[in-house]
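Note that subunit A is present in both complexes that follow, paired respectively with subunit B and with subunit C.
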Partner chain A sequence: MSTQQRFTQALLSAEQTFPAGLFCHPDAESRFAVYRNNVFSSLTSALADSYPVVAQLVGAEFFAFMARVFIQTFPPCSPVLVNYGNAFADFIDTFSPAASLPYLADMARLERLRVEAYHAADFPGVGFEALSRFLEYPEQLHSLHLKLHPGTGVLCSSRAVFSLWAAHQGQGELAEVDPNHAEHLLVLRDALNVEVLLLSKACALFIQALQGGAGFGDAVCAALEEDNAFDAGPALALLIQKNLIIHAGLSEAS
Partner chain B sequence: MSQYDINTPRSTRAVTHGLPARAGLGLKPDYFQPLAKGCDDLGFIEIHAENYMVAGGPFHYYLERLCEHYALSIHGVGMSIGAEGALDTEHLQRLNVLLARYQPASFSEHLAWSTHGPCFLNDLLPLQYDQQTLNRVCEHIDQVQNTLGRRMLLENPATYLQFNASTFDEPTFIREVVRRTGCGMLLDVCNVYVSCINHQWSTQEYLQALPLHETAEIHLAGFSEAFDRNGQRLLIDSHSAPVAAAIWSLYQQILEHTGPVATLIERDNELPGLAVLLAEARRAQAYLDNHGVQP
Partner chain C sequence: MSNKLNTLSLSATALTLALTSALSLVTLPAHAADDMEKCFGVAMKGKNDCAAGAGTTCAGTSKVNDQANVFKLVPKGTCEKTASSTSPTGYGQLMAFKPKM
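Showing the complex of A and B:
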C-alpha cells in the first residue's frame, strides 16, 4: 500500500487508526490528529455553510456527528466543494439517529436547491412582450414550450419544510408550525437573490412538468389532475415576474 | 527545466505582469459589496480558484466588478500537485477556463497533496521529500504550466509531521522544484514559522536555503497554538487569527532580501469586519513602502 493510500485510509477510518512507522516524531499520533481534525472540521464547515437550517434544527454537536459519518461514507470526489453534499439529503433519510426528525431530509433538499440556485448560470428572462405573441393565440398556447432558468427548483414535501425554513429566517413562529402538514415550494434566483416561495401542489406540478420538458398544455393538464380549479394565469405571471422563463417557443428548446 | 516557456505558443499565453508590489486581501463573500466600490488600501485581491468554478450568480457578478478596481490573484487549493496519482485533468481544464475568463496577474498552488484516488480530502497534506516525489512534483508543475501557458507560483506548506523516508529538507526540496520547473515562489511567512516551530528547525537556516529571489508573492496570516502529547509547541496554520507579532518581524526581515513583493493578508476563518483586515493591509503596505525597514 502506498504512503498516501495509508495516510488517506487512516484519515477517514471510523476507528481513527494511525499509519505508524511513517513519521519521525515521538508523538506522531497527536500530530496526525491535526490533519484528521482539519479534514473533518473543514468539510463539516462546508456542509454547515450549505445546510444552515439543518444544522440549526439538530444543533452543532449532532450536526458534527452526522457530518462525520457522512464524510466517512461519502468523502468528496471533487475539489469543487460547492457540489459536495448532493447526496446529503438521501443520506439523512437513512441515518437512523435522525429518524425522530422526519422533515430533516427534505430541509436538506430545500437547502441544496438554494445552493444550486445561488450558483446557477445567468440567463435573462424573456419578459412579457416576448411571450405576449404566443398568449394572443390560444390555439398555439397548448404547444408552447417554456424553458425555465437553471436555478429554478421545485420541492414537494409531505412535511412543512417551507414553514420550518421560514421560521428560521424570522418569518413566523416555529412553535406554531405543524411539521406533518405537506408543503410545496419553489426555489428561484431573481437577479442575485435566491427566494423560496410557497406553492399550491397543483402549481408545483405545473412548474415541474414545464421543467421536465412538457408543453404548456400538458403542464396545465398535470396541474388540473391535482386540482380541477387550477388557474394557469397566476402561475404564468409568477414565472414572468421572477424572470424564470428564459426561452419560449413552439417546440422544446434544445 | 520546464518546457512551458519553450513550447507554448506566445499567442496562447496570458499577458501578465505579475501582481503589484502592494498589500492585498483574500476575497470573501462578506466583503463583496464594500470592496466593489474600490478601496485605496488594496492593490490586489485573491480568490480560491475552486470557489469560482460555478456557472454564474453573485460570485462571478461581484468578481467581474472587483476586477475593475484591483489586480487579481487566483490561488488554487485543490490541484493536489504532490499526489501520487496523475493530476485531475478535468480539474485542470476547469482552472484553465477560469484563468482564461479572468486573466489574473498571478496563479498559485501548494506544495501538498489533497486527493487520493477519487477522494478529495480538503486539506493540504504533507509530502515525503525524496527523489521520486521531487520528480513527480516537477512533472505535475510542468503539466500545469504547459496547460495554463503561464508560470505558476508554488506555496511552501505548513506541516505537522515529517516522514522518516525524506531525504531532502523542505527548503532544499522547494529550491530544487523552483530550479527545475521555473515556477515562482509564493512565500507564506506564517507557514515558514509554523513548520520551523513544529519541527524545531531554524527559521534563519530555512530562509537561507530558499530561493528568496524567486518570491513573487507573500502570504501573512495568524496561527493557533497547541501542544503535542510530549508537551512540544504545535502551531496550527488556522487562518483564523490576526497576523502574529512573530510573523510581522519575520516579514520585515524577508523584505530586506526580496524587496517589495505583493503581500496578502490571509484570513479564511472567524472573519472579522473588513476594517480589521484593511488595517492589517495598511500595516503590510507601510512595510512595503519602507522596503522592510520598520515604519
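Showing the complex of A and C:
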C-alpha cells in the first residue's frame, strides 16, 4: 500500500486510526486528528449548503451523522466542491437510519437539481421567431427536435417533495402536506434565478421525452399515453417562456 | 402497440395546433439582463451575483445576509422596494453602501 493510500484509509476510517510513518513529529497524531476533523467538517458544511431542506428535515445532529457515513463511503473524487454529493440521494435511499423518511432521497434529488441548474452553463433560448418558422413545415413537426437548457431537470416522485420543499421556503403549511401524494416537478434556471415548478405527470413525461432526444411528436405521444387530455400548447409555452429551448431543428441536434 | 396507435392518430394538424397555441401563449418577454438592476444589500448569504467587491470574489461568496457591498440582479425598479436588514434606508440600494450598525 502506498503512503497516500494509507493516509486516505486512516483519514476515512471509522476507528480514527493514524497512518504509520507519516511524520516523525511527536504530536503528529493529534495534528492528523485536526486535519481529519477539518476534512469532515468542511465536507459536511458543503453538503448542508447544497441540501438545506434535507438538513432541516432531519436536524443538524442526524445530518452530521449521515454526512459522516456518506463522506467515509463516497469521498470526493473531484476538487470542485460544488459537485460533491451528487451521489447523496442514492446513498440516502440505502441509508437505513433514514428509512422512516421515505421522501428524503427525492428531496435530495430536488436540491441536487437546483445546484446543477444554478451552475449550468449559459445558453440563449431559441426565440419566438425561430420557432414560428417551423409552422411552415406541418408535415415535419413530428420530428422537430427541441434541445433543452442543460440546467433543466425533471423529477417524478412518488412523494410530495414539491409541497414539502415549498413549505420550507415559506409557501404553504408543512402540517397540511400529505407526504405520500405523488408529485412531479421541473427545476430550471431563468436568467440567474433557479425556479422549481409543479408539473402534471403528463407534462413531466413530455419534457423528459424531449430531454431524452425524442422528437416533438413522440414526446407528445408519451404524455398522451399518461393522460389523453394532455395539451402540449401550455407545456411548450412554458419551455419557450422560460428560455429553456436552446436549439430547435428538424433532425436530432448534434 | 398503443404507442403506434397514438403516433398514427397524432396528425400534423394536431402538432401544428399545439405549436401555434404555445406561441400564442408566450406573450411577455422573459426578463432580459438589461431589464435588471444591481441591488446592494438584499442578497441572502452565499446567493449574491458576480463581482461582489472587497472581501468576496464572485457569485455565491457573500458571507452574511444582506451584505452591503454585494449585489443581486433584480428586475428593474424593484431594488429600492426590497427590504434590507443592513441598509440605513431599510431597503436595497443601487450602489454599495455603509451598513448601519
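One rule holds in what follows: the second predicted complex is superposed on the first by the 233 of 254 C-alpha atoms of A that agree within 3 Å, B and C clash if a C-alpha of one lies under 4 Å from a C-alpha of the other, contacts with A are read in each partner's own complex, and residues count from 1 in each chain.
We take it that contacts are C-beta pairs under 8 Å (C-beta built on N, C-alpha and C of every residue); 3 or more make two chains touch, one makes a residue touch a chain.
Bear in mind that the values here come from a model prediction, so they are computed numbers and not experimental data.
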Touched partner set for A:Glu195, first subunit B, second subunit C, both or neither: neither
Which superposed partner A:Cys77 touches (first subunit B, second subunit C, both, neither): first
Which of subunit B and subunit C A:Ala28 touches, first, second, both or neither: first
First (subunit B), second (subunit C), both or neither touched by A:Leu43: first
Which of subunit B and subunit C A:Asn243 touches, first, second, both or neither: second
Touched partner set for A:Asp90, first subunit B, second subunit C, both or neither: neither
Partner chain(s) touched by A:Thr8 [first = subunit B, second = subunit C, both, neither]: first
Subunit B versus subunit C, judged by how many residues of subunit A each one touches: B
Shared subunit A surface residues [contacts with subunit B and with subunit C]: 118, 192
In the complex with subunit A, residue positions of subunit C that touch it: 2-3, 6-7, 10, 12-23, 25-26, 28, 30-33, 36, 46, 49, 60, 73
Subunit C partner contacts - residues on subunit A that touch it in the complex: 49, 118, 125, 128, 131-132, 134-135, 138-139, 141-142, 144, 190-192, 216-218, 220-221, 224-225, 231-237, 240-243
Interface residues, subunit B side, partner subunit A - complex: 50-51, 53-61, 77-80, 83-84, 88, 91, 94, 113-123, 125-126, 128, 160-165, 198, 226, 228-230, 232, 234, 236, 269
Residues of subunit A defined as touching subunit B within the complex: 2-5, 7-8, 11-12, 21-32, 34-35, 38-39, 42-43, 45-46, 75-82, 117-122, 150-151, 189, 192
